[in-house]
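Labels A, B, C and D are assigned to the chains in the order they are written; within every chain, residues are numbered from 1.
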Amino acid sequence: MARMLTYAESIREATENEMARDSSVMVLGIGVDDFKGVYGTTTGLVEKFGTDRVVDTPISEDAMTGVAIGAALAGLRPIHVHIRMDFLLLAMNQLVNIAAKGRYMYGGEVCVPMVVRAIIGRSWGQGAQHSQGLHSFFMHVPGLKVVAPSTPYDAKGCLIQSIRDDNPVVFVEHRLIHYQKGHVPEVVYTIPFGQARVLSEGSDITLVGISHMAAECLRAKRYLHDMDLRAEVIDPVSLSPLDIDTIAASVEKTGKLLVVDTAWTACGASAEIIVQVTERLGNAKTECRRMGFAPVTCPTTKNLENHFYPDAQKIASVACRMVNGDRVSTVVDRIPDFSIPPEVSPESVEFRGPF
Amino acid sequence: MARMLTYAESIREATENEMARDSSVMVLGIGVDDFKGVYGTTTGLVEKFGTDRVVDTPISEDAMTGVAIGAALAGLRPIHVHIRMDFLLLAMNQLVNIAAKGRYMYGGEVCVPMVVRAIIGRSWGQGAQHSQGLHSFFMHVPGLKVVAPSTPYDAKGCLIQSIRDDNPVVFVEHRLIHYQKGHVPEVVYTIPFGQARVLSEGSDITLVGISHMAAECLRAKRYLHDMDLRAEVIDPVSLSPLDIDTIAASVEKTGKLLVVDTAWTACGASAEIIVQVTERLGNAKTECRRMGFAPVTCPTTKNLENHFYPDAQKIASVACRMVNGDRVSTVVDRIPDFSIPPEVSPESVEFRGPF
Amino acid sequence: MVENFYRALYRIRRVEQEIARVYPTDIIKSPIHLSIGQEAVSVGVCEALQPSDVVFGTYRSHALYLAKGGDLKKLISELYGKVTGCAKGKGGSMHLIDTAAGFMGTSAVVGTTIPLAVGYAYALKQSGKDSIVASFFGDGAVEEGVFHETLNFAALKGVPILFICENNGYAINSHQSKRQPMDNICERARVYGMPAERIEDNDIFEIYERVERASSEIRNGREGPRLFECMTYRWREHVGPNEDFDAGYRSRSEAQPWFESDPLKTLGASLEIDRRGQIEVDVEAEIYEAFVFAEESPFPDEDELYTDVFTEA
Amino acid sequence: MVENFYRALYRIRRVEQEIARVYPTDIIKSPIHLSIGQEAVSVGVCEALQPSDVVFGTYRSHALYLAKGGDLKKLISELYGKVTGCAKGKGGSMHLIDTAAGFMGTSAVVGTTIPLAVGYAYALKQSGKDSIVASFFGDGAVEEGVFHETLNFAALKGVPILFICENNGYAINSHQSKRQPMDNICERARVYGMPAERIEDNDIFEIYERVERASSEIRNGREGPRLFECMTYRWREHVGPNEDFDAGYRSRSEAQPWFESDPLKTLGASLEIDRRGQIEVDVEAEIYEAFVFAEESPFPDEDELYTDVFTEA
């Protein structure tokens, strides 16, 4: 029988493997050694590897990012953990001005092998400052790699790949998938960057789902199936580098592309994917749309929050109208509800208590 | 005769006008009161309005941004000046988590009327950390307005508009245009956000140039003219809100769009403009391309730096090939030189010494 | 005064207990950081302030909101995500505001409101107003660079602000000694030339008196900022409604002295039984009403999602 | 020792003078921040360090680069934007590096290398190596929050690092008193429990001796970080090759005592004339050679634009 782990367990396993294999790997971050272990992703590591290699840090994101970079310059391989991606806003100077640029501006003399684990905080009620998906910032800046696996299988392989990479990697997680289970082999394996994953084949439309939205796209596919529409669902997995070949090949087949992100769309990853596809396919007739956070600050109250996020129903609504040729309003975030049974994603239903 | 001012003088005049008119307007930032007056944009203000309203700050971008926001909450209208946009990386938390979100997350109870003047630092040899155009970060986040005027005329009107706006506005300047002269009426005027400016009409291709690239696009137009191609040149002026109507109408006419930014292209303003145009025009046959910084860290040595930035020649090369239907490689940043006389933009030629 | 203190303490304690009680039903869909055990700091400071004075807080600010005169119904409604909340349900527990009460806002990101408070105080000083500002934050926030940057600027400009550090010994589950080499937050303020005092034992009278004195000294605008480090203790888990003495990072015996010196208990014991009873009855009625109000209030309309992004001209 | 000091000081001074001399021709297309007048700090500290020790600096680090043993030809070539530069011309004056010499890099953004240095020192300590790190920065950098965050962490973990604050009294054109309420940078370090000393008068012997002692104390790994505030003075404008005593923000008379106590002058006077002459002749030859080397070196190929973004596996 397949070995099943949660996404969080898979991250923990990858970290433990690498720490055991390579004594230069270390973990630092607020609360990495505490009893909650950052949603269980670091549980037990301090007992095994000690406080020198598993470092609870002061609340000093800017300096601690610099410390991680400095340790990387000296040959360590730090994994810096942030329980909310929002806190990276305090570390932008170090990430953009040093981590991303170090190798280039020193003419190739150094490298910065570090991993920044950034968790997108959505559960419910996380509100304005604990819910942001800011991966497009890091995609914008040359010198950083960005990866956002959506399954336990990819989480393990990508994290090991990230740790072994000699460059700074922003590893994007999503809180709602931490407790999702999936097949994770016990063996150590890596997943190369720049390879998108076709989660499910189809011919009528290409759905690209980033991070948690990959799961929502798969659910949307089921709705669409009931309407006799075959969606191809792709998880880019790696955002920078981006495997535009796989996505463009799919779009060439389907003629329609809907990119769904767990982030805002303006200057977002969804915009980038669409532009790269149109650049690749020239002025062939392709219709492209994007969905993401509503273009507002994330509200706390659940009944507004539900409208803030894309979900399977909304994705299916937009996809269906794209395929059926109805003219879709440009404000794709405000599609009125389609006639789809009001099921909700299990992650959000199962979620209780924001702890 | 038309009254001619430099871009820097125009900014200074707008600031002085508003400070004289409204005692709640203040200026703060590193060196705003010193003899260089941030390229002359703040010269004389401290003598006129005193050190309470023209505040030289410690080197504390994070806190000083928070201080500006707090002052705005109390009813002042701070203009926070940064001689390099790169330094905003230290202020991202306050800008994104508070300035952008304050009104929304407090249910409309407060407003944050502040202006953040951010200067893109290119001259020569500014290298990795003094040359970045990071406006796409601010376009990504709801709650911020972003404006990037390219002429002295627009600089004055947009700055007055920004100061009077009750919301946080990121005002993007470019060092190479600070010394450019243009017509600036003495009268006080505002330029509403969300209105692009058609700098020059044409029928064969639409060139959209952001900030300093508007001038390069105009120059490119002259090259193209010699080849009997008529380019329409548009300066979006305001990036968020974005006047997509004007741009899309132009593209509907020309069928071709080339967006040129003084920033990286991945998840950049250029990507956003292209996607909005394709969303607007549906799957009509339009060819869209973008140019910007090469996808690397900015090098210091001039002979690499020259290849890092788009310029009139490179823009004309790409535009020409788009119109003539040659298949353009996707890496538009590496177009081999087209047969255009090797003139360089006067800003870069005139520039001497990075002071 | 004792009665006022008791009423304020009792009201906050009971409000938070009620929040904790209903929380497991998931009717409140917002992370909550309770101040149970720490109420004396907010009450002691705010009783010493004027209504026109202004405070800024953190995600752990139910107590501060109430102590500063924030509307109780709007607080509970906010937690319930209702449109009648102080932020129309858009903010939740971590983004409280009541401008009418001089409660200027809280933030979920550690340290972020410290410079806001100083900017506000700068504006007050410049306008010649008589009001002052108090900035509340935890012992963890002093590890953020912005704390230092802000104190440096506040002292340089002599703005009328009180920095109130609520030192409960922990940032989430990490003891101060795991995060700071010295237990000397006051020293960290004094290097900027500002007077700084530690107030031990969660002592509401000490807090009130010392803050009262300091605030009148800075109110005239001639003296600059002050810092108070108020030693206190959090009785519940960092976030959520429960106790967590079995989690391993701290012991119940560490908490015991704080339970025993609880100002609510000692003040209550000093009150005449009838007066005390009356206060409690009044407060209970008010709380009951507030929860009913919140339950009966409507959620915001879907259209509210798109409002309040910008202030329209 | 005096001879070594003199050679190092003379070499740096003359290199920077040469840079300033050619600068108006625009052959160097990179902003330059000269250390003329401040050389004693870099030399005094680096002479007290071991070759295997590591330093991090700022955009004003020509002196530090040379004092730590960085390659002169690579420095000048870097300024000339040549592929033979220490960063292949990609870095310029503000992004110097020479890993072989333990010169681990500089940055144009104030304060950014301070935590890098501590991270490096953390790694050294963890690996059990005997080396230490010195982090150089200006008096302005202590206003950045990252300075405090970093010192807090460094002291907490007891990493083997020396913080060297080069206090030249100014950040660009703003005097320290315009930016900091107290003239007490050492105090700002002591609150983290680390010893901190001010060294007055740009005194190279004092710097050498005290740093030597401190470095041997922290080298064994048992004692934690130290800070030295080295008082010095910048003779030229903040950025660029010229003097700026007529700009209004400072006077030549303020500089006068620094001119007079210039260690280069006093050390030079103490040397036997022939020895001194020989040193100077050697150094001049080396400098001449370095500039010729730089001039004759090729610029990087256009293809270099796209290399060094990532380390390939």
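The criterion applied here is as follows: a residue touches a chain if its C-beta (ideal position, glycine included) is under 8 Å from a C-beta of that chain, and two chains touch if they have at least 3 such contacts.
Predicted model, so just to flag it, every value in this text is computed and none were measured.
> Among the other chains, which touch chain B and chain C together?
A, D
> So which chain is the furthest away from chain D, centre to centre on CA atoms?
C
> Per the centroid of Cα atoms for each chain, what is the distance between chain C and chain D, given in Å?
Distance between chain centres: 46 Å.
> Just curious, how far off is chain B from chain A if you go by their C-alpha centres, in Å?
Using C-alpha averages as centres, the distance is 30 Å.
> I'd like to verify one number: the distance from the centre of chain A to the centre of chain C, where each centre is the average of its C-alpha atoms, in whole angstrom.
35
> Express in whole angstrom the distance between the two chain centres, defined as the mean CA positions of chain A and chain D.
Between these chains, centre-to-centre, one finds 41 Å.
> Indicate the residues of chain B shared as contacts by at least two other chains.
Each of 57-58, 60, 62-63, 86, 90, 93, 97, 104-105, 127-129, 142-143, 295-297, 299-300 in chain B touches at least two other chains.
> Quick one: which residues in chain C touch 2 or more of the other chains?
Residues 85, 87, 89-91, 95, 107, 109, 143-146, 149, 152, 156, 179-180, 309.
> Looking at which chains touch, is this a line, ring, star, complete or other?
complete
> So in the complex, which bits of chain B are touching chain C?
Residues in contact with chain C: 26, 52-53, 57-58, 60, 62-76, 78, 93-94, 97-98, 102-111, 113, 142-143, 145, 165-167.
> In the complex, go through chain C and note every residue touching chain D.
Result: residues 143-149, 152, 155-156, 179-182, 184, 187-188, 191-193 of chain C touch chain D.
> List the residues on chain A that touch chain B in their complex, please.
62, 86, 89-90, 92-93, 96-97, 100-101, 104-105, 127-129, 132, 134, 136-137, 139-143, 240, 264, 266-269, 271-272, 274-276, 278-280, 282-283, 285-290, 295-297, 299-300, 327, 330
> Can you check the complex and tell me which residues of chain D touch chain B?
26, 28-31, 81-82, 85, 87, 89-95, 107-111, 140-141, 143-145, 171-174, 178-180, 237, 239-240, 247-249, 299-300, 302, 304-306, 309
> Which positions of chain A touch chain C when the two form their complex?
Residues 30-31, 34-36, 56-63, 86-87, 89-90, 124-130, 294-297, 299-304, 307-308, 352-355.
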